[in-house]
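Going in written order, the chains are labelled A, B, C, D and E, and every chain counts its residues from 1.
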Amino acid sequence: MVPIAYYLILAAILFSIGIAAFLIKRNVITIFMSIELMLNAVNLTFVAFSHMWHQVSGQIFVFFVMVVAAAEAAVGLAIIIALFRSRQTLNVDQVNLMRN
Amino acid sequence: MNPNLLWLIPLLPFAGFLINGTIGRKLPRPAVSAIALLFTAAPAVLVAQLWLYMKSAGAPDAISVVSRPWIAITGFQVNFSFAVDHLTLIMLGVVTGVGFLIHVYSASYMAEDEGYWRFFAYLNLFMFFMLVLVLAESFLLLFVGWEGVGLASYLLIGFYFTKDSAANAGKKAFIVNRIGDFGFLLAMFLLIQHFGSLSFSTVFAHVPTAAAPFTAICLLLVLGAAGKSAQIPLYVWLPDAMEGPTPVSALIHAATMVTAGIYMVARCHVLFDRSPTALLVVACIGAATALLAATIGMVQHDIKRVLAYSTVSQLGYMFMACGVAAYSAAIFHLMTHAFFKALLFLAAGSVIHALSGEQDMRVMGGLRKRIPVTFWTMTAGVFAIAGIPPFAAFFSKDEILYQAFISNNPLAKLLWAVGVLTAFLTSFYMFRLWFKTFFGARRFDEDALAHGQSTHAPHTDAAQGTSDPSTTAEHDSGQAAHPHGVHESSWIMLLPLVILAVFSIIGGWVGIPLAFGGHNEFEHFLHPVFSTLPELVTPEHFSFRDPEPILALISIAAALLGLLAAYVLYFRSPGRASDLALKARPVYSLLSHKYWVDEIYGAVLIGPLLAFSRFVLGGLIDAGLVQGAGSAAGSSARGLGSLVRRMQSGNIRSYAGWLALGAAAVILFTLFGLHPFHP
Amino acid sequence: MNPDRFILSLILLTPLVGAAVLAFIPEREGSKKHHWIALVFTLLTLLFTLHLPFYYIYGSGAFQYEVSLPWIANLAIRYHVGVDGLSMWLVVLTGLLAPLGVLASWNAIKTRTKTFFVLFLLQQVAMIGIFISLDLFLYYGFWELSLVPMTLLIATFGRTENRRRAAIKYFLYAFIPSAILLVGMIWLYVRTGTFDFVNLQALAAQHAISPNGHALWLCSLAFLIAFAVKVPIFPLHGWMTDAIVEAPTAAVMVLVGKLGLYSILRFSFGLFPDESRHIAPLLVALGAIGIVYGALNALVQNDLKRLASFSTLSHVSFIALGIFTFTISGIDGGTFQILNESLIGAALFILLGLLYERYGTYNMQDYGGLAARHPWMVTAFVLTSLAAVGLPMLNGFIGEFLILNGAMQSITKHHVLWTVVATTGVILSSAYMLWMIQRVFYGKLGVRPAEVTGWDLTAREHLELCPLVALFLIMGVASPFWMKAIDTFGIATADKLLAPNPGKFRHIEAETYSRPTSFVDPKLGADALGKPAPPENKGARY
Amino acid sequence: MSTNLLTLLPELILTITGILVMLIEPLIAPGRSRKPLGWLAIFGTALSGIAAYYQLQITNRTGALTGFYGTIQVDGFSVFFHLLIAAVVLVTLMGSLDYFELPVTHAGEYFALVLFGSTGMMFMTSSVELLMVFVGLEISSISTYILAGFRKAQATASESSLKYFLLGSFATAFFLYGIALCFGATGSTSIAAIAQGLAHTQTPLLAWLALAMIVIGLGFKVSAAPFHVWTPDVYQGAPAPVVGLMSTAPKAAAFAVLLRILYSGFPLYQQRWAVLIWLIAVLSMTIGNLGALLQTDVKRMLAYSSIAHAGYLLVAFTAFGPDGISAACFYTATYAAMNVGAFLVLGQISGFGEGARSIDDFTGMAARRPVLSALLAFFLLSLIGIPFTGGFFGKFYVFSAAIHSGNIWLAVIGLANSGVACFYYLRLLAALYTRPVPGESSVSGATLAPARIFSPAAGLALAATALATLALGIFPGRILHLTQRLSTEPATSGTPQALSAPSVDPR
Amino acid sequence: MQIALFIIFGLLAVLAALNLLFQRHPINSALSLVVVMMSLAVLYWSLGAEFLAAAQVIVYAGAVMVLFVFVVMLLNAGEEERTHGSKVAYIAGIPGAAAIFCLLAFVFLKNKTALGTTQLGGYLSSATSNIRDLSHVLFTSLLLPFEVTSILILIAILGAVVLARKEL
């Protein structure tokens, strides 16, 4: 008998931690991980609503999010590698050639 | 007589101007002067014919011609229209007659000048505008002539444009005249407002019944007249105008143009008669100017300047006459003045010519024998202006003084007293000029003159046309061009002098008042024009209680007193004048500096105006506010822009921070935002 | 085939075709090919514009040579062009100034001639478009378009290093208010569903545009401010000096005045009669202040072009003053003065350009004593200056006289005060113009002329100046030829805005000066000149 | 042809072409030019454009087509965007044929990525199912992430790519969250069903939250303030033709999605989102224009300008009803034409090496590259909104829609903004045409791409964009007609089919 | 039962997430993320999404995270340095994140009753799984997205190749 709202709040907590991690972390890979964390939070929301509405489409959505996350991971990590090659750093604070 | 010939009167000189102005440079000098003379003589002939016609029995009081409209908008129309009545006729006679004589004189006087063709083109242009002025049948057309003669005056004063003083004087003349025109324009606007027309006939026909601000209109017109006729406070340009060649001074700045103001006031007498205040102002201005200019004239050394101040002073007389509603007296004096002042200037020109350009009276003297014709003609002029009977000005000046005395003007007696005092001063300074120039010892260096070098005037050293024209700054340069000893002028120059001298003597006889047994034909002649005045004094009403003879005696006495004073100071004991000047040093200095009027104008009006323009308008408002508003807007936009730039730190984390903040804001707004349409 | 149907489109298209032709002709160093082609096209345009006055029906105040075709049907936007008494002469004027501009650039523009003439012709297209458009959308198109070639001309051919800044400044000053103008126009469109000026004017006359007076008021302000900046009217002239100082002669000739003033007359007065009347006292005051302000500033300039720019400000302020008096005299005079101002300004700037070509400076202190060297130039210069200061018998006088007269007859607040203030401009203008002449042409030979040998006007330069000078004289003497068209507009506009006050002005029949006893038929003189001139003071309205 | 296939036709053609490109790529020797692949891609894109036009003819006759269980809907609205995207891609491909110089490989992949990415964009515009939208969005996003970092040699390229990727994913998470909440509020992810569900939802707060999240996610994609921060950096680092592409086509698609979701998904909350969009529009216009004022890098400046243009476009959203949609579609088209054109010119002028970057580098360019300068000037004028260009008519249409709906002050702000905007466009414009200061050459010839005559393809592309920009300004009638017709469609889109019916109840 | 699962794994997920936040070495963070994912898998299962639970473990925790760890290893990423990058992230971002959380929580709590609760036993008591329904929907009404995902994956491969390949 757990209220759906609790699941949602749990998801919100994770989502917010994800945002916070994006803001605080300096390592590009960790920042990327925090995005994954946010996506997971959204997934939890989907599943909770899916449960609430008795509809599988929410779950299918999660399934697609996983696929997309995987694809993004592939591309994102490739980008990170490319960046590392040209800059020799993973610290986002040093990735600010372009500004203003 | 075909009235369309009226068009020709001004247009012929204009044709002369066009011919000489465009191709004159390529023509030989005789051709230039022939053209100019021809196109000046022809109008004179026409005017003579007109005169004969108008004098003949049964002739209309006025003839007029009207052209197609010049300005035509709904509700307001101005045509080119000329009209000739007796007033115009006198003016036409003066302008064409004196004008022609001066043209003749110039042909010789300017013979050596490089800008010969230009000079005659300008002179013809002046004739055109002056004739338009006097022929005009509407205020606007009169204004055309008014401005036009100002233009011609500007061009002729600045004829020796390479000389800064000449260019300055021309500019000053034009601008000061423009101040007068400012008043004239405003007066015209008021006339349109209240009469719906600028035609003399229309306006004057409605004046008796109309309720218009006549005082305002008249005062504005007076401002215009004061500018043109060199009255206080706008007289300052006329003395400077002597920078122009002497014939110009004679024609424009003595005989014709400067009298336009008097002509205009006389022409508008219907308006002035409705406003006693304006008349009073006119009279006061006239009297004050007459006195002021006469006092200054006493201490001038430049022969032309003496004459210039005398012109201002005489114009003051005419103004005063207008101010006491003695318009025909004013016009009478205008006419005689045209004769004798033109004569004086031309004779002065002859003197200058004789001395190869020298104008300073202090280095003249004893010329009586050397240039006898000039001397005798000049003498006629001097006696005329001094008011010695029976010379012309005696009658006209006397008429003015008499009219002032008997007028119902509250200041009548004072005006008369000022007039008499001025008459004394006039006589004094004119005889001073006469004595200093023609009598006494020779004060010039004849050898130097013979070699073309003046001990006094450094500006006569370079001969025109022989050196770089741009560096040649000549004063009446035609004179310096042929350095030789003191000599009498050619007969071409002397002939006009003689003719004018004759007129200076007999010119006043047409207006001998009844008191002296005359018929005052002049006044009768003008009667149709000034018919609103009370009926003329007829012999039946004549009585010996009339003060005219006594007044005349007083003014003759004043003139003789002036002669005597000048005789004592400048002939009998020439040193006494300078002693007197030393004794009364402050007064002398005040007079010789012309009451510091130019300086006061400079310091009070022009200087502050320029400073205000430069610093307040140019600096504070234009650079500060107008430009500053733009740049302030620009820089504030840039400031905001740099804020936006600072948002863009280049750091991904800060970008995410903005995103998060923005997201929070959007969510917040969506949930709790203002929803005007939503409960 | 009746050319009336397409003459306006032809006038509009000819320079456009010219620009296109020029754009495809390769440019070679030192070649005058582009000059000639531009000259041919501008002359062709002039020729076409001359059709207008010759076949114009002068009695009618309606739009003529009208064409109205659907353009963007979905939004009721039409290609609607036509001219009336206000715009007809302006079109001719634009046609006239273009060849003169080309001639004035003959030697001044040596490099990048293609760019120059393409832009120049485009500028002409835009200006003609502005004058003939009767559809608000079409009008706005040309209005904004007119900014572009000018901006580029200034940026490309500006004289000093400041040119880029000046160009941007000009554009910004003109564009930002125009953007707000667009809001006003769209608002009108939304309210009425039409962009057609004729329809809108009819609606405005019936007060049927919007019952919301407040919105209407704001809308009229949007219009007025956009136009006033372009004119420029006194405090909004921040762009002007820099632009004039930088721009090449041919561009300056068409830079100031007529577009904005025309637009005020056409659109502000046509669409917002009541609002315009409301704001008239302010504009009259600004006009009068602008006259004096411009004149006083001109008095203290050392740079010839800056002086000319302030004198231009003074002159356009005259016109603004005149049209906002809402009197026939003021509006007629103002409209006529637009023509005069353009011609005089053109002549003045051409002359300054010629001086610059010879001596390479606009600094007056470097000049002096040129009159002896360039008699023809000084003649043209003096004539132009005299026309500018309003010497009678030259064109400037008639405009200024009617304007000031209108100001005096107006019933706006404090009109007498402003008339007096404005009339002082007559004094001041002569002061600065004559001072300029003196400093440039009179006195001793100046620094620059002493170093450089100049030459008097060449045949081509005579060709540039002679038509202008001739026009000064002709327009000064025969103004009714122009005025009869302008007056139809004046009547229509002033009537609507200001009901005649029959009590104030008395109806006066003009009469001839001659007495009945005259032996001459007074008409005789008139007949001899070709046409009787019966005075036609039908109902004195001012 | 089955309906399903017909609804997919353009996407299908693009996909197949992309696969062909990838298949042929290894067959070309490493050192050889990849141009044939480019031509293939161009051919495929053109074909898909024709297919989209064919779809338009079909829908003209039969009305909207739906396919694949109602996940996609082909109507005038989607076809309009299909055509637009196809056109943008076509022009970009033509313009970038010569862009990749030989030592730089991956030209084949570039063409394939562009093709696949445009497939995703097309899917976005035609789908009425949020899952499909999401997948399409990811396809287009990921391909643009990659394309942004294509000039790997430049340090800025990978940085640009990384920033875009990280922040894009961050925003995607929000978008996704929005979809989740939407699903939570209505029990469906089909747009039509959402609209129905919202009518009687128990949890309107959730729906509002969903609305906010979706606006955030899509706001990021269209680079509307305050979600614009990535734009300048990414545009600056990315290759010019790619910027041209990604500032227009994905944006157009995102706008299409936003239009569909807002107008047909959330019509009930119109007042609520209208105010929100109002604010975002004002903020975007203002920040975009102010930010651009001080820029010296041309691409960065144009990036800010694209933020501002997103703001102008959003103005149209606030005009309720068909007017707004029509205006938004029209503006998208004009914006695409002029912006792609501008970036193509930049690419042609500065080349792959990007020799000319700052405004000063362009000083006096008109003397050296007259045609390109004239074209750039023309595009800049259109961006300013000078009449007789598409930019003007678009702006005019947008603001007249806004005024029509009573948003006069929004129009005033917007147009005042466009006044500010002209300052920075003019700086570039004036620089192009100013004579360079003598003695101080702006850019040495070496850093510039050699002043070659650009290839016929690029010339064609430039001519096409310029003509389109001009035509949209002078004869906007046809496009206007189309957008006005389609403007009624999003509101009726999506017949709720399978998804709206409660799925199998587990019990 | 369910509440116990929720509390335990929910707490675990939050703690692991916080650990991700506070760990300075990326490997530690990665492992924390794995813990989060595992916990979520349990929660999915408790909400009746068995298939997702499995997929979460296999795809996410298994494949994706391995990739992460691999890259961390490949790039030899060490502990992150303390650099002073952005104040905005702290000044604007953290309050923003907090505000987002508060707003979300506010909405969820406000609608707590309307959202209802999980049925005790729900899927857990059901003998059948929902995989059939899932696959039915996936291959009928959501067939197109499923197919189109292949393009996505293709792009990902392409991109990875393009970006990660060393230039000559």
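By definition in this document, a contact is a pair of C-beta atoms (placed from the backbone, for glycine too) under 8 Å apart; a residue touches a chain by one contact, two chains touch by 3 or more.
Bear in mind that the values here come from a model prediction, so they are computed numbers and not experimental data.
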- Note on the structure: Those chains that touch chain C and also touch chain A are B, D
- Going by the average position of its CA atoms, which chain sits the greatest distance from chain A? B
- Query: Could you name the chain whose CA centroid falls nearest to the centroid of all protein CA atoms?
  - Reply: C
- Query: Is the C-beta contact count larger for B-C or for B-D?
  - Reply: B-C
- Distance-maximising chain from chain D - centres being C-alpha averages: B
- Query: So how far apart, in whole Å, are chain A and chain D when each is placed at the average of its C-alpha atoms?
  - Reply: 25
- Message: So the centre of each chain is just the mean of its C-alpha atoms; given that, what is the distance between chain A and chain B in Å?
- Response: 96
- Rounded to the nearest Å, the gap between Cα centres of chain D and chain E is 30
- Message: Suppose each chain is reduced to the average of its Cα coordinates; what separation in Å results between chain A and chain E?
- Response: 6
- Expected list for chain E, residues touching two or more other chains, is 48, 85-86, 89-90, 93-94, 96-97, 100, 103-104, 107, 111, 115, 123, 130, 133, 137, 142, 145, 149, 152, 155-156, 159, 161-163
- Task: At least two other chains touched by the same residue of chain C: list those residues.
- Result: 172
- Message: Could you pull out the residues of chain A that touch at least 2 other chains?
- Response: 8, 15, 18-19, 22-24, 26, 31-32, 48, 50, 52, 56-57, 60, 64, 68, 71-72, 75, 79-80, 82, 85, 92-93, 95-100
- Let me know each pair of chains that touch one another. A-B, A-D, A-E, B-C, B-D, B-E, C-D, D-E
- Message: Touching residues of chain E toward chain B in the complex: what are they?
- Response: 85-97, 99-100, 103-104, 106-107
- chain D residues touching chain B in their complex are 162-163, 166-167, 170-171, 174, 205, 208-209, 211-213, 215-216, 219-220, 225-227, 229-230, 232-233, 271-273, 275-276, 279-280, 287, 290-294, 420, 423
- Can you check the complex and tell me which residues of chain B touch chain A? 645-646, 648-653, 656-657, 660
- Note on the structure: chain C contacts chain D in the complex at 71-75, 112, 114-115, 137, 140-145, 147-148, 151-152, 155-156, 158, 161, 163-164, 167-168, 171-172, 175-180, 182-183, 186-187, 189-190, 215
- Message: Quick check: in the complex, which residue numbers of chain B touch chain D?
- Response: 634, 637-638, 640-645, 647-648, 650, 652, 655-656, 658-659, 661-663, 665-667, 669-671, 673-678
